[in-house]
Amino acid sequence: MAFDYQVPAVPAENGLSEPTQQAKEAEVPQRSGTAPAENRRSKIWGYLGLALATLIVALPLYFVLMTSFKTHGDIYSNPVSWIPSPFAPENYSYVWNTLNFDRYFLNSVIITVSLVIIEVSFGVLSAYAFAFIRFPGSSLLFFLVIGTLMVPNEITIISNYALVAQLGWRNTFTGIIVPLAGVAFGTFLMRNHFRSLPKEIFEAATMDGAGFFRTLFKVVLPMSWPTLMAFVLITAVTEWNQYLWPFLVSDTEKVAPLQIGLTQLQDVEGLTNWGPVMAGTILTTIPMIVLFLLLQKSMIKGLTAGAVKG
Amino acid sequence: MPNVVLLIVFTYRPLIDNIRLSFYNWNISSTRPATFVGLQNYIEWASNPVSWQIVWQTIIFTVVAVFGSMVIGLALALLLDRKLKGRNFVRSLIFAPYVISGAAIGVAFQFVFDPGYGLIQDLLGRVGMDSPDFYSSPGWALFMVTATYVWKNLGYTFVIYLAALQGLRKDLDEAAEIDRTPRARKFFRVTLPQLRPTTFFLSITVLLNSLQVFDIINVMTAGGPLGTSTTTLVFQVYQETFVNSRAGYGAAVATIMFLAVLVITVVQVRMQDKEN
Amino acid sequence: MIISRRSVFTLAGLGIATAGLSACAGTGGSASQQQEGSGTLQFWSNHPGSSRDLEQKLIDAWNEANPDTPAELIDGGADYEELGQKFNAALAGGDLPDVIVASDVTWFNFAFTEATTPLDDLWAENDIDTSTYVETLLEDYNFEGKHYGVPYSRSTPLMYWYTADLEKACLPTDRGPQTWQEFAEEWGPKLKEATGKPALVVADGSNYLDWYFQGAFWTFGGAYSDEWDLKFTDPKTVEAGKFLQKMVQDGLVSVVKDSANDFGIGNASGLLESTGSLGGLKESAQGDFITTYLPGPKPGTTTGGAGLAIPAGISDERKAVAVKFIDFMTNTENTITFTQETGYMPVRSDAADVPEQAKYMEENPNAETAIRQLEENTKPQDFARVFVNGGGQAIGGALDKIVAGQDVEEVFSALQDELQATIDRDIKPNL
């Protein structure tokens, strides 16, 4: 039942043989003459769209970036100051010196890398099992997995905290990582993707006598590169930004990730100087942007590789 | 499957704990045993008009967040799937907000929305308009948190759609190309149906994610103005449990929310099944 | 296939086993034991007033003097709410800290639910002298004759005025308005006319308007409550509510999210804010400003901020160390250091006798305002705001509605019903 669907079978012929298509066909020759012009026009629209998107997304980002270089008074200037004056790169050195930044950073990397490795392995294997192995109760089990997406973590933390404390895992990486390691999102994503792969490939692989793992690594994964990279990326971002759970379980900078270290820059009563807070935010975000740039390339490379083999 | 074990231990066990707790009156800090009160928490919730206001706000927020981020995300993915100069840069740019934590965005956006010194009042001021009271008018406050949420999560729908577009079978595209199918028609006849699995996937994950929005609301408005104007269900759970220390009542709200989400998701899945 | 089915049973078994393991979790069962610690005192703080480095310095000094009972500073979160949340998790799950920071709105709930311990016996057993604590600040933590906390980072609301604006409006520059009537009839209109800006800016209901404006209700003869007796429908309380509404409608008072920064960029002539903003405003304000008392008749305002408390569920040995540690953190010398670096008020009355502090006060008249006001112009907060769970927030929301122009009587009577229900349900049965 649930969450099942096959590759949507919409071959081109079907679409074109719809009655409405015939009505349009008359226009075809007429348009063939204007095709290059239309192409250019659509390019222009494309660039316009690009510019608009850039503006809406970039303007606030630009503002955040500039704020990280502003002094306190400059942040609150009215009219808004578009270029920091005076330019205050000392916000960054302040963050670096106030926090034990490298320690928190290392903790974040340990937590995120462990979780990405665990979750991606679990996610791919579970998805593969759900997609290709029929076993009794598999759809019920799958529904259980997806069901976890419906449970907000606000209701799980107290109970999990009690369990982790009883196990003596407080203020340890194990305590932070294990409760977060179950993967529902990735299982869902990858299973959907696996299902959309052409069936013939598996039949061919099975006929060749390829085993479970061989098929997975030699046939299925190479065809799934873009989706897999999206999975890796989203997992990394989610875990990098975890706050509530690591906050409750960790006590000291021995294990606490960056997001928790950053709260030291804020003040509860009175004025927070937002320049360093923004600088800290930018510093924390950069690794994820770099990761995106790296993975984006392999998303595209994976696609071309997959296309050749498929 | 160790994965399923983890999920059962760390999600379903707490969930069951939570449902049990919803029948008790329990102050979260209390060392005294909780008292069993049956359905009283549920009755109190349902008979309080504020609860229904919160439900309504949750619906508005979720519907706008889901449609907004999916439609815009798809449009951007289509745009950037084309061979345009500078697309790699713009792709990274659109994804950037998604990697920033919600709390940080909430903090940063006060410099965008604040009617006293924000970016928007500056821009509106240049064309001679007054800035709306984003923080004190209930409608504008809800608009503000919703817009911020969509802005932040565009990167997610965008990346998933982009990955899907790139994985599409190009032969279908080419077939349509040869037939000179108009672009819009090609989109509705060829591309969109091919994207249906992705759309379905996104509609579920974005819905579930947006129902659990917490950071942005907590930092930007703390659920206010007027006390509850931007409070969503999950924020109410948090407030009741941790701020008002009424863990039993909070658990009841959480259970109601969980059941509602369960029903919505099952309906979504059924609809998807029917279409196929 | 068979393997899969078996694994289903296995995991079902595991699920049940873990559920059993934590059967008592979530009902506070584990907090009733007397927990032994790790030997190191755990101090959970959210570092009020950006005091992390300072707290660490004080703890280093403690560790040097008491190598047998070392202490460790733990980041308890970004604000008092987060710290409360972390403490609640510890109450439910175990591993309690030794000392926590508890705010004006969280300490009572912890005391009332017996999550934190009364300190009086501990003081007596460990020869701790509490007579030098500022009495009003210490008495804030008194519940049924026992003290559940010690003042630590304590603040009071002040009024801030730009000197230049006062001069422009031909108003005195050595005092604030003495009554709210004087503000409404003279200060407000004069300042507004002279500068074209609102005369006073104050934070909205999500940012503790209920705290800042509490004293104003008293000056009208009203209150949020008299002990557990709610006073929102009292004609005098309603009158004060209408006054607030009228001030906003006349453009004399503006209510915004971030009032300190709004004043800082010069959007208003005056500001009603905590002493905690003093340090920041010194740097960011658009010119010289004075600080004044809140309008009378006295008492015109209250105190706030946070204190230190000890969890009830730890062993007696740990409690003994904890109470000494608290005494150390708030001793005369350390409270002076803390005050001068953060802007909070000294919590020991003999601090003023120390020459170093006397000199500091002389050089910083604005800091002195708070300390003098504490003696002359404050009283403890109303129960409805600080002792009723969610009370402060509910009152803040109601004041927001009044500011937005809703009918004062209706808003307050709804608020009264809501809080009365909470009191009847959560407080009365356990008193």
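Quick notes on this one:
Per-chain residue numbering starts at 1, and chain names A, B and C are given in the order in which the chains are listed.
Convention: a residue touches a chain if its C-beta (ideal position, glycine included) is under 8 Å from a C-beta of that chain, and two chains touch if they have at least 3 such contacts.
Remember, it's a predicted structure, so these values are computed and weren't measured experimentally.
Central chain (C-alpha centroid nearest the global protein C-alpha centroid): B.
Compared on C-beta pairs in contact, B-C and A-B come out with A-B as the pair having more.
The geometric centre of chain A is 39 Å away from that of chain C, both derived from CA atoms. Spacing of chain B relative to chain C, judged by their CA centroids, is 33 angstrom.
Distance between chain centres (mean CA atoms), chain A to chain B: 15 Å.
Contacts with at least two other chains are made by residues 4, 18, 22, 25-26, 85, 88, 92, 261, 265, 267 of chain C.
Within chain A, residues 76-78, 129, 141, 157-159, 163 each touch two or more of the remaining chains. With touch defined as above, residues shared between interfaces to two or more other chains in chain B number as follows: 1, 4, 8-9, 12-13, 17, 28, 116-117, 247. Residues of chain B that touch chain C in their complex: 1, 4-5, 8-9, 12-13, 16-17, 20-21, 24-34, 110, 114-117, 135-136, 221-228, 239-240, 242-247. Against chain B, the residues of chain A that register as touching in their complex are 1-8, 10-12, 15-16, 18, 24, 28, 31-32, 35, 42-43, 46-47, 49-50, 53-54, 56-61, 63-64, 67, 75-80, 122-123, 125-126, 129, 141, 144-160, 163, 178-185, 187-189, 192-193, 195-196, 226-227, 229-230, 233-234, 237, 240-241, 243, 259, 262, 274, 277-278, 281, 284-285, 288-289, 292-293, 296, 299-300, 303, 306-307. Remark: chain A residues 72-73, 76-78, 98, 129, 133-138, 141, 157-159, 161-166, 170, 247-248, 251-253, 256, 260, 263-264, 266-273 touch chain C in the complex.
Contacts from chain C toward chain A in the complex involve residues 1, 4-5, 8, 18, 21-22, 25-26, 30, 42, 46-50, 52-53, 72, 74-75, 77-80, 82, 85-86, 88-90, 92-95, 153, 155, 260-261, 264-265, 267, 273-274, 276-281, 283-284, 305, 343.
Within the complex formed with chain B, the chain C residues making contact are 4, 7, 10-12, 14-15, 18-19, 22, 25-29, 31-32, 81, 84-85, 87-88, 91-92, 109-110, 113-115, 204-207, 255-258, 261-262, 265, 267, 312-313, 389-390, 393-394, 396-398, 400-401, 403-404, 425-426, 430.
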